[in-house]
Amino acid sequence: MIETATTWTNWVPLAIVLSSLLPGLFIFTLREDQVALRTTLNLIGAVLKLVLVGVMLWGVARGMEFRFALPFLPNGLLILKGDALSLQFVTLSAVLWLTTTLYAIGYLEGAPLRSRFFGYFSLCVSATAGLALAGNLVTFVLFYELLTLATFPLVVHRGTVEALRAGRIYLAYTLGGGTLALLGAVLLHTQGGSPAFVPGGYLPAAGEDSQLILTLAFGLLIAGFGVKAALFPLHGWLPTAMVAPAPVSALLHAVAVVKAGAFGIVRVVYDVYGVELMTAMDLAQPLLWLACFTILYGSVRALFQTDLKKRLAFSTVSQVSYVTLGVALLGPIGAVGGLVHLVHQGLMKVTLFYCAGNFAETLHIHKIREMDGVGKRMPLTMAAFTVGALGMIGVPPVAGFISKWYLGLGALEVGADWVLLVLVGSGLLNALYFLPILYRGWFAPPPARWAHDEKLGTGQPGLGETHWMLLWPALITASLALLVGILAGTDLSPLNWAQLTVNLEFDL
Amino acid sequence: MGMTVITPLLYWLSWIFLLLSAGFFIAGTVGMLRFPDIYSRLHAVTKADTLGLGLLVIGLSLRADDLYSVGIMILIWLLVMGSGATACQLLARYGRESEGDTEADDVAS
Amino acid sequence: MSLHEWMLDGTLGLLVLILAVAVLHVRSLYISIVLFIAFGLLLALIWARLGAPDLALAEAAIGAGLTGTLLLAAYGRVSERRRKAEEPLDWHAGPALLLSLIIAVILMRAVWPLPDLDSALVPAVADQMAQSGVGHPVTAVLLSFRAWDTLLELLVLLLAFMAVRQLLPSLPRQPEAWPLLQAWSRLLAPLSVLIGGYLLWRGSADPGGAFQAGALLAAGAILLRLTGLLPALGWHHFWIRALILGGCMVFLAIGVAGYWLGTGFLGYADGWAGPLILLIEVFATLSIATTLTLLVIGETREVRE
Amino acid sequence: MTAALIALLLPLFTALCLLLLRSRSGVLVIVTSLLTLLAAAWSLYDVTVNGPQWLELGDWPPPLAIRFQLQPITALLLVFSAMIHLLVAVYAAGSQHSKTRYTDFWPLSCLLQGSLNALWLSGDLFNWYVTLELLGLAAVALVALSGRKAYGPALNYLLLSLGASLVYLLGVALAYGRYGVLDISLLGAMTEADTTTRIAWWLMTLGLMLKAALWPFHLWLPRAHASAPTAVSALLSALVVKGPLFILWRLWSEGAPTELAVEAGPVLAVAGIAALILGGWSALRTPWLKSLVAYSTVAQLGYALMALGLLMYWQLPALDAALWLFVLAHGLAKASMFLAAGELQASLGSKRVSALRGTTETMPVAMFAFAVAGGSLIGLPPSGGFLAKWLLLEPMFETVNHWPWVVGILLGTLISAGYVFRVVALAFDRADPVPPDFSPDRFAHWLALLPALVVWGLALISEPLIHWLTGVPL
Amino acid sequence: MTQVLFYLILGVCLWALGLYGLLRLKESIRRIISVNIMGSGVFMVMVALAARSEDPDPVMHALVVTGLVVAISATAFALRLSVADVQEDDQ
């Protein structure tokens, strides 16, 4: 069954996936009132996963090989492998899962059906971890579809009519996408089986007859993953899925779903087709145009949103396309920009959602016009929100600036100058829809008395402005975003890690 | 048995009987179709057909090569006669009851 | 084919076809049932004409006799309202008629080349007859060569009976039997047992066998039961259950014993074929007789608990 | 071969003993079906070790005798039907809501399993006719168990099934008339494509399609399955409709000449796609829960029919694995779905799908079973359904001009996703959940979940499974 | 046009008639009768096939006997089912 001598390194990837799956399944069986047990289980799972990821980081740096394989389909194995690219994504999801779990515990205090919520929550994260560690296209599609199944109950968690409508739309998009991705995977499988991902792509050179099939497969895969990466025509589900509770939208937008789509596109471009084949068949051009159009379209739509979470949703639509943009440039520097943005956007966007959740929970603020003078009442949350927002716009020293900088350089290096214009334009648009919020938050006069003030913490501005479990995650991720920006040069930063991966991809 | 020796005579004799039996069968059927009520029809069917069958048995036994099959045919004839009579009685009784005759005279008490 | 053979076959065939069409198209249900019984009897004649005495026996006993009784019994229970609202097949059912005509023509084309072909099984049966332990080829096929079919068929009969057990047939008013009928049935019953036994015994050498004998015995039993001479045969009596299940059980036991002794599943040891087949036939006949009787006239008390 | 024979005869003996002793104890049936499962597993091991085996009944030479044939696929089907029968027997004995406890369900279900095992093993055309009759009668008797409301649909099912058997029998008669042999493998060597053979094969195919409720002849299935008791509809959907499909496969892959098979392939494949789409469409629109599940059977059989059609059209034995994986995965998933649906319907006391609002709160396990089984029907990885769909898709991509079949599968997947998630989404609705009438039966819910989990685990044992189905080691 | 062919065609016609009746009729007892007619059609085809060789083919006869028993049991069940279906309406 499992070939080669099974050293402990073979079991680590499986352990990472199981570290959130097993607690999740156990949590399903817990009764509602077993809060302490559930919280400890959640936290143990999160910390364990973080430790295992640390071990793998340390191991890969030492050059050890982490590979777990299981026979699944005729010459299509189920492979979980820890390579440079997957580690970036799995580290991000491990860190953010810890903070989001903390946040969700605080957010859902006293809410019904928490066992079910946390059960599906951990299933969703194990699907993301599996997706990140997937060693070949078959495993990737498998975890891609499992992710859909795990996130659907979260989106419809509240059970209201709009939640169900959003759930149905979400399903229609993601199941359709999943089937397209499956068809693409089968198409490629018939070409040469499903060998493991190889930096630089494993597909043979495009012969005459297989030209059509490879392009068709590329189109199917990009369409399939594009649904979750919210590329232009397929992004419809993202704004409607805002009906879900805050931790879910944070999870969806920053940690799991959207990143899965973008990561899928990165895998397909780099590890399935490889840069030479892409340039030979010049598949990247349409992808580049689509990414640019989505960036602009997302920002423009965000402008017109009055609801805070809807605006953040459309900003995600545009931000994720940066990753696709970086990848589609096919240049090494652009690739670094795209990969590193994968991490940066995750940190910044999750901070923004935490803060939006805090505002909604403590002061019942949903609309942007209700945010006048919130800085006075909740200064720390507003500060975190500002860091996230500035990062989004691309203001140094927050992380966002670095990825945009590298994307710009990448565009110049490849000679696609018009992409620079798009980047600048989108930066402007980001400013147009984030700055008014910041202005309202800090400088607008606060209302005489807040309509509803839940007084979760001590009710006084400062460390007790809201429930500590809601405040601290926002602060942690905001500071992380700042640290990553400032310490970009050191070798521990995601930028360096992205550079390392790209060196492998382009074998510089 | 001696039957096969004088076949031409018996052969023609059996033809006569067979034709007679066919005639009686046809008479019975015509009677059943034409007669007005159930009793006369029953009468026609049972009487004519049993006689026709008897003649048929005689005709065939003249041709039969051994006594064994003649014996079987006679047993069949007896059986048909018995069941024909019983069936005729039953149908007549059913006819009488469905007409709603009041005095059920000869029913066993 | 000589002329007079043509006349016989022609009349038989035409009669059967006309009867079949009449059965489907006549207005009243009662007349269509009666015509169907006549159709069954004519079929028996045709089987005899085509050189299949076993089938003629079976068709007359089972096809015309028992099916006719079942139909009349069902007709008797069908409520007045249903009988009034009979609507025959309307003649002008254009498209469906056309479709079945087309199907018939297609099938005729398929059937056309068949008469001058022959079957590989006929010589195979001939040269295997010696070991089959039975004289009559049809019985040999039924109980030696294709014994598994016969066993499954006994199971089908048993299954039909078990299925009928689930339904709740009502209790029709049992008419008080008329003395002359009782006298006649007292005469007929032993006769049917005698002829049934004869058919069963001769089955190994001449046309006859378990099914025909079983049907005859069932007819005798039904007559006795209807005229009240036989008490209700309840399913709760162990011997009734033993009788009904006996056929299948013995057959299976002998089959398994054959496999265990090494002569193959449902195979008989060389010396033992004749007596074993007779044993199976006896039990099968009793089982078929009881099952058919209870199928035709079994009432709620008898059929269920 | 002995093990397969034990697996065949054990249920028959149990049924006879149950009737003789007039006992209605479920435990006896559960024990014997467990033994049958062990015997079937042993026969599977036996056939994997020393290859296919034949058993001439009564040791008569081949053209005369009926031959039992034990192939890996037959042994696998023996195991599959024994497993489903064991599961349904345990459900019928254990569940509070099962109405079949004090009826003849026990001997009838044993007879059903016996006749199905006889069908898997046999290779003789007329023997298949008798086993089909046995199967049909047992199925109708089981449907009629649930009282008066089932008599109408049961009678309609019986009459159509009898008609179909006679259509099949005429085909057999023509085939026998033309070739003089009844054994399918002997026929395979002799058949050549002339009008009589073509008509005979098409008659047999039409008869079997009606009995297997394949697309154009499926109208009797929803009414019969919806009115049957839960345990029975699970048995019917998972097992009974598969018997005729097995014969259809043997007829066309073994018996028919290649020209005939290539000519008939596309017709069956198109019927498969039509079944997928139309069956799915009526499942989407029906208001009743059980007829939704029944229509989904019609739709899922479309997949198998399509696999069969393409198998014949491209003469590609690799598609056998796809066909039989669909059948196995559908059987397990449908058994779990029907048990779950039956439990939901019995606890909520209403037949309608709209009554399922909020069941994820009131009956989470039953709804989870329904959703997981639905997942396999859609073909989400890593379920058995996904594996089968993958194997079906693979040969389709050899050349680009096979794209219509791929579009068919795509539509089929989306529609099946439609009717499964129609129910699942409803279950998450917490606006005004319908409270269950009385305490839901925990044991039956977990039992319904079991086959669903098995079908999802099917993919993990895919290597031996595919080896058994195609005989080629992975 | 030999005797066998004549009966083969007759059998096919009966079969088609029975099928036509089964699909067209609505009243259950008539549908059961048409199924029986269809069955006798098939049996006639089989018996005619058996009569091709001078001593008739025993396998076919055995099959028809089996078919007859199957037909009678199915008819008995169908009739009881149709009666039970109707009767319950009245009470």
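Just so it is clear, A, B, C, D and E label the chains in written order, and each chain counts residues from 1 on its own.
Everything that follows uses one rule, which is that a residue touches a chain if its C-beta (ideal position, glycine included) is under 8 Å from a C-beta of that chain, and two chains touch if they have at least 3 such contacts.
For clarity, every value in this text was computed on a predicted model and none was experimentally measured.
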Chain-contact steps, minimal, separating chain D from chain B: 2
Centrality ranking, top chain (CA atoms only): D
Chain whose Cα centroid lies at the greatest distance from that of chain B: A
Top chain pair, ranked by how many C-beta pairs fall in contact: C-E
Remotest chain, chain E as reference, centres from CA atoms: A
Between chain D and chain C, distance of the C-alpha-averaged centres to the nearest whole Å: 32
Centre-of-Cα separation between chain C and chain B, whole angstrom: 28
Interchain centroid distance [CA atoms averaged], chain A/chain D, Å: 43
In chain C, residues with contacts to at least two other chains: 107, 111, 114, 117-119, 121, 125, 145-146, 149, 153, 156, 159-160, 163, 167
Chain D, residues touching no fewer than two other chains: 126, 130, 133, 137, 140-141, 144, 151, 170, 174, 176-177, 182
Chain E: positions in contact with at least two other chains: 15, 18-19, 23, 32, 45, 49, 59-60, 63, 66, 70, 73-74, 77, 81-82, 84
Contact pairs between chains, per stated definition: A-D, B-C, C-D, C-E, D-E
Sites on chain A touched by chain D in the complex: 70-76, 78, 113, 116, 141-142, 145-146, 149, 152-153, 156-161, 163-164, 167-168, 171, 175-176, 178-179, 182-183, 186-187, 189-190, 212-213, 216
Touching residues on chain D, where the partner in the complex is chain E: 126, 129-130, 133, 137, 140-141, 144, 148, 151-152, 154-155, 158-160, 162-163, 166-167, 169-170, 173-174, 176-177, 182
Complex interface listing, chain B residues touching chain C: 79, 82-83, 86, 89-90, 93, 107-108
Residue numbers on chain D that touch chain A, as the complex places them: 358, 360-361, 364, 375, 378, 380-382, 386-387, 389-391, 393-398, 400, 406, 410, 413-414, 417, 421, 424-426, 428-431, 459-460, 462-463, 466, 474
Footprint of chain D on chain E - complex, ascending: 15, 18-19, 22-23, 28, 31-32, 35, 38-39, 41-42, 45-46, 49, 59-60, 63, 66-67, 70, 73-74, 77-78, 81-82, 84-85, 88
